[in-house]
Amino acid sequence: MAGQSFVAIIVGSRSDLEVVQKAADTLTALGVQNELRVISAHRAPDLLESYIAGALSRGAKVFICAAGLAAHLPGVVASKTTNPVIGLPMPGNLAGGLDALLSIVQMPKGVPVATVGVGQAENAALLAAQMLGLSDPAIAKAVVDHRAAARRQIEDDPTNQA
Amino acid sequence: MAGQSFVAIIVGSRSDLEVVQKAADTLTALGVQNELRVISAHRAPDLLESYIAGALSRGAKVFICAAGLAAHLPGVVASKTTNPVIGLPMPGNLAGGLDALLSIVQMPKGVPVATVGVGQAENAALLAAQMLGLSDPAIAKAVVDHRAAARRQIEDDPTNQA
Amino acid sequence: MAGQSFVAIIVGSRSDLEVVQKAADTLTALGVQNELRVISAHRAPDLLESYIAGALSRGAKVFICAAGLAAHLPGVVASKTTNPVIGLPMPGNLAGGLDALLSIVQMPKGVPVATVGVGQAENAALLAAQMLGLSDPAIAKAVVDHRAAARRQIEDDPTNQA
Amino acid sequence: MAGQSFVAIIVGSRSDLEVVQKAADTLTALGVQNELRVISAHRAPDLLESYIAGALSRGAKVFICAAGLAAHLPGVVASKTTNPVIGLPMPGNLAGGLDALLSIVQMPKGVPVATVGVGQAENAALLAAQMLGLSDPAIAKAVVDHRAAARRQIEDDPTNQA
Amino acid sequence: MAGQSFVAIIVGSRSDLEVVQKAADTLTALGVQNELRVISAHRAPDLLESYIAGALSRGAKVFICAAGLAAHLPGVVASKTTNPVIGLPMPGNLAGGLDALLSIVQMPKGVPVATVGVGQAENAALLAAQMLGLSDPAIAKAVVDHRAAARRQIEDDPTNQA
Amino acid sequence: MAGQSFVAIIVGSRSDLEVVQKAADTLTALGVQNELRVISAHRAPDLLESYIAGALSRGAKVFICAAGLAAHLPGVVASKTTNPVIGLPMPGNLAGGLDALLSIVQMPKGVPVATVGVGQAENAALLAAQMLGLSDPAIAKAVVDHRAAARRQIEDDPTNQA
Amino acid sequence: MAGQSFVAIIVGSRSDLEVVQKAADTLTALGVQNELRVISAHRAPDLLESYIAGALSRGAKVFICAAGLAAHLPGVVASKTTNPVIGLPMPGNLAGGLDALLSIVQMPKGVPVATVGVGQAENAALLAAQMLGLSDPAIAKAVVDHRAAARRQIEDDPTNQA
Amino acid sequence: MAGQSFVAIIVGSRSDLEVVQKAADTLTALGVQNELRVISAHRAPDLLESYIAGALSRGAKVFICAAGLAAHLPGVVASKTTNPVIGLPMPGNLAGGLDALLSIVQMPKGVPVATVGVGQAENAALLAAQMLGLSDPAIAKAVVDHRAAARRQIEDDPTNQA
């Protein structure tokens, strides 16, 4: 994938892989190159660091980082790059995922993480595509089309034909 | 400002203007064109809609939307554009701003808002600059320099010389 | 339905339709005309706006808006009309629906939403009927009868005959 | 005031009187007759009951009930009338007023309370006026004018002239 | 039951009857007279009031009131008597029952409710027995014996014999 | 004070003494003997245990235990006696005292603590008096008089004379 | 086990035994002597006190205390020894275990409890082993090996071979 | 300080230095060598990593890490060493520091952080001393003496002499 722009998706635990796979699928459907890795910020910090460096050199533009509990993965990645990092909190645990949400979104001054809703893997992918679409018209068009399709689904809802 | 890329900053209430001004100042310091407006999504929805359309036609690439309480402004803007929208929850009210945070970050499938921490206006600006930096090397360099300056401040902290 | 007073019920997502149908059923049982639509404030804002305008011209007096997560639907509708808007937060997600509740009830100064309990679709309908009953004696009587029936159910509870 | 429609405002504690006075002032400004009483649901339940009965016989159409902590006042009033009851949670105490909010909004099936945001006394008044405006064109017009004035204030904001 | 001391147990909704029955069973096991009624404070306020008055005249010494959501039942009973009222919050709904807990325990100055843990029906019964045991040695002894039995169960736990 | 019934008030920290003094003053005003001690359950467990034993032998009937943070004092006292223990959570810290409230009220099966609202020292005293009033007519009358005085204060409120 | 260093694990309720057994298993796997008891701080305070004293005299170095609800067990043990006490909050109840977490971690000045995440029994064991490893090289090495094994599991994850 | 055992205290932000200084002072008072640094995990990750490595080589046995907001510092340090890491959440922000608390304590399986209460700097120091006291009798004695002094302060409280 060297030289080509792509989105690097990292999930902190294999148990969250199924949810996060939807981010990869959405990106692929939008025509955005992407790759997915399972790397814990806490249990494999050196692997994470070397992966980030390698991904950046191979053309990673945006990172999507998914984690639960005391979810440090997005913030740790954000501390290693100034490219945009999207944080995806995983549901479960305290108050349905409030612990993961607060651990991701409440980043201190200087190191932002672009946080999406708890478990909203598709939105993480859309946000990454929106960022890339700022300079890639094909991706921008794919996002516009995706939004239009969602709108048509509502317009065609049988309840609304009553 | 027609034709030139810029970040459009909208704040829902004049009472939050002072906090949000820091986002504008940070963008300016990073060399990012920006403009700031006070428009309530609830009290002036038509003005908001016309401002969004106009800003997009004039070159707005990223929106920063700051609001408190049931903070709908970022989501409403996100429903009107597929450009990236950054949500900035204002502190105060319930549990120190939990109402604004949840109202902004928990966006449903299809319409993401890139949320930063409660009251973190500077991070909203940095995130916008990171997005624009994906295709603008001068902005990318400004973000890298900003991070390096923050690092040097820590290295030079007198406590760390002990 | 043109010219006749009715309650317009809008639900933001098809997945919440079953719960919200109870609001429509309750209104019908109380003799209140109503119609139900599935329209997302975020994914179909223009459709929502045209529906609101049309419903008002056809005689919509009160709106019931049901949504979950960052539930902007009631507030967005309230920004487009000065008729009463009832907000119905959907359960699930953070802390059992706290995100939807705060996103609906914490409306800022100038644009109220009359919020009922999380998932309390029947109460949303009763509240709409109470509002219409202020000037429609038949509806007012239906609400009084409904309350009396609930009271008799308690009086007749077998536990209370012990 | 006998025979004339009015809004009855009840506040559970003298300490909250200043906040609630804004509801009365807003109603008066909108041309809505109103009266304000300080009656605790817990410390003076009989006085409350007799006040409700008397107010209804004198023409009370809508009740606004403001209370903090375990705020039972709105629910108790709602159990004694099928006219609309608006609940206004008072700030302070746990998590900035979460206790009052939940005690008011989470009413069980059959007895709704139309809840507005914590401390939003003006919104309580506006909501009452919206209800009365359904059958009183003068009040309806006053609410429309109030909304328009808020919109103009935003349009005229000096920040937006930049 | 006239003339004899007893504990009056009231539950706000039939759906909570199974949990609350454990309070009645525990009281009976401790030799404390008790009776159980299903009365909603909101849907049948007059029945509740007449029940309280009747129960007091027949010898009710302590009330146990169980309710969920915006749980006003214990507070309403406490406003009608100066005998001790025990509040038993029902689980479910927001954050596992936080709404019921706050609605019961956060009573304002002057009207206390003795609140036990969410869903802890047996503890409500034990607390009532402790109160009556202050002047009834047989009940006091039954409570002491109950505590001793719980202690022996721990002493005899097979894990502790390892 | 040997041989005479009294209420033993224990506060876990000197810093909360001022709030808790109101419980003692209220008891005295109601004609209930009481004594107040500052004993931390965590820093002086043996002193606490010997105080409890001594107080019981001297005639302590009810304990009022006030504590903040991880407030174990009421539960620890409740584990050492089967007399009623009233828990008084102190405000401050997380969410305005939610930590103290949950640490006190959520007692497990078998060992209840009668919890009052956060910081409601007067209510703790009233509840103790209500318990003692079950068998002491003078105290029962004092509680009734106290309630009546609160009611008269509302009846005489100048706002209600309007 | 007399004379030999070990970790004493106490769980407050038999219903939590299965979760806590993982702490014992992890300690055993790390070569750390341990024993497990089921003792409620509230229902058997004297047994708890005598167990702590006995365990200390037999060589207990670290205590792991697991409890739910108003979880006083860790704090009570910490008040009886100055050896390190690890608190393990049990999930369930309010907000997924927030009550247990706050009851354990928010210990006041002077008596710390080393708290791990809700339900994280393995982490409680690892933390105990880390403490003992400060002076026992074999245990220190076992902890290092355990971390390395977790890291290798991530390196070998099939997703990462893509 | 090379070769000598010590506690390394790291605080993530200069603004929290005053609170954390109390941990250093307490350790010094207990006769425990310590050093204090201001290093942000997010703004200076490489400096943090090199500091950890250097501190370990110079004899750091235990780390105390203080941070607020999305407080990753303790977890990041814990991912770099298997020595015990004590997490100290800073107050402020959401719900009085709930964001920092959850970000620190909810560490996933395999990498524990020994968390103390929000803002309890002295307890962090005591916990570190308890760990070192397991193999250093002088420190163990200092901790015992510290506890005894706290107990005597309670015994000598003037309120308790009444």
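Think of it as A, B, C, D, E, F, G and H in the order they're written, each chain with its own count starting at 1.
One rule holds for everything that comes next: a residue touches a chain if its C-beta (ideal position, glycine included) is under 8 Å from a C-beta of that chain, and two chains touch if they have at least 3 such contacts.
Values in this document were obtained by computation on a predicted structure and should not be read as measured data.
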item	value
Touching both chain E and chain H (chains)	F, G
Touching chain B and also chain H, the following chains	A
Equivalent interface to D-E, taken from B-H, A-C or A-H so that over half of the residue contact pairs match	A-H
Higher-contact pair (C-beta pairs counted), C-E versus G-H	G-H
Rounded Å distance between chain C and chain G, as computed from the means of their C-alpha atoms	50
Chain F-chain G separation of Cα centroids, rounded to whole Å	34
Approximate Å spacing (C-alpha centroids) for the pair chain A, chain G	35
Set of chain C residues in contact with two or more other chains	40, 43, 69-70, 93-96, 98, 101, 105-108, 110-111, 113, 117-118, 147, 150
Pairs of chains satisfying the touch condition	A-B, A-C, A-G, A-H, B-C, B-D, B-H, C-D, C-E, D-E, D-F, E-F, E-G, F-G, F-H, G-H
Complex interface listing, chain C residues touching chain D	61-62, 82-84, 86, 101, 105-118, 120, 122-124, 126-127, 130-135, 140, 143-144, 146-147, 150
Residue ranges of chain G in contact with chain F within the complex	12-13, 40-43, 45, 68-70, 72, 75-76, 78-80, 93-94, 98-99, 102-108, 110-111, 113
Residues of chain B defined as touching chain H within the complex	95-98, 101, 117-118, 147, 150-151, 154-155, 157, 159-160, 162
Residue numbers on chain E that touch chain C, as the complex places them	14, 17, 35-40, 43-44, 46-47, 69-70, 93-96, 98
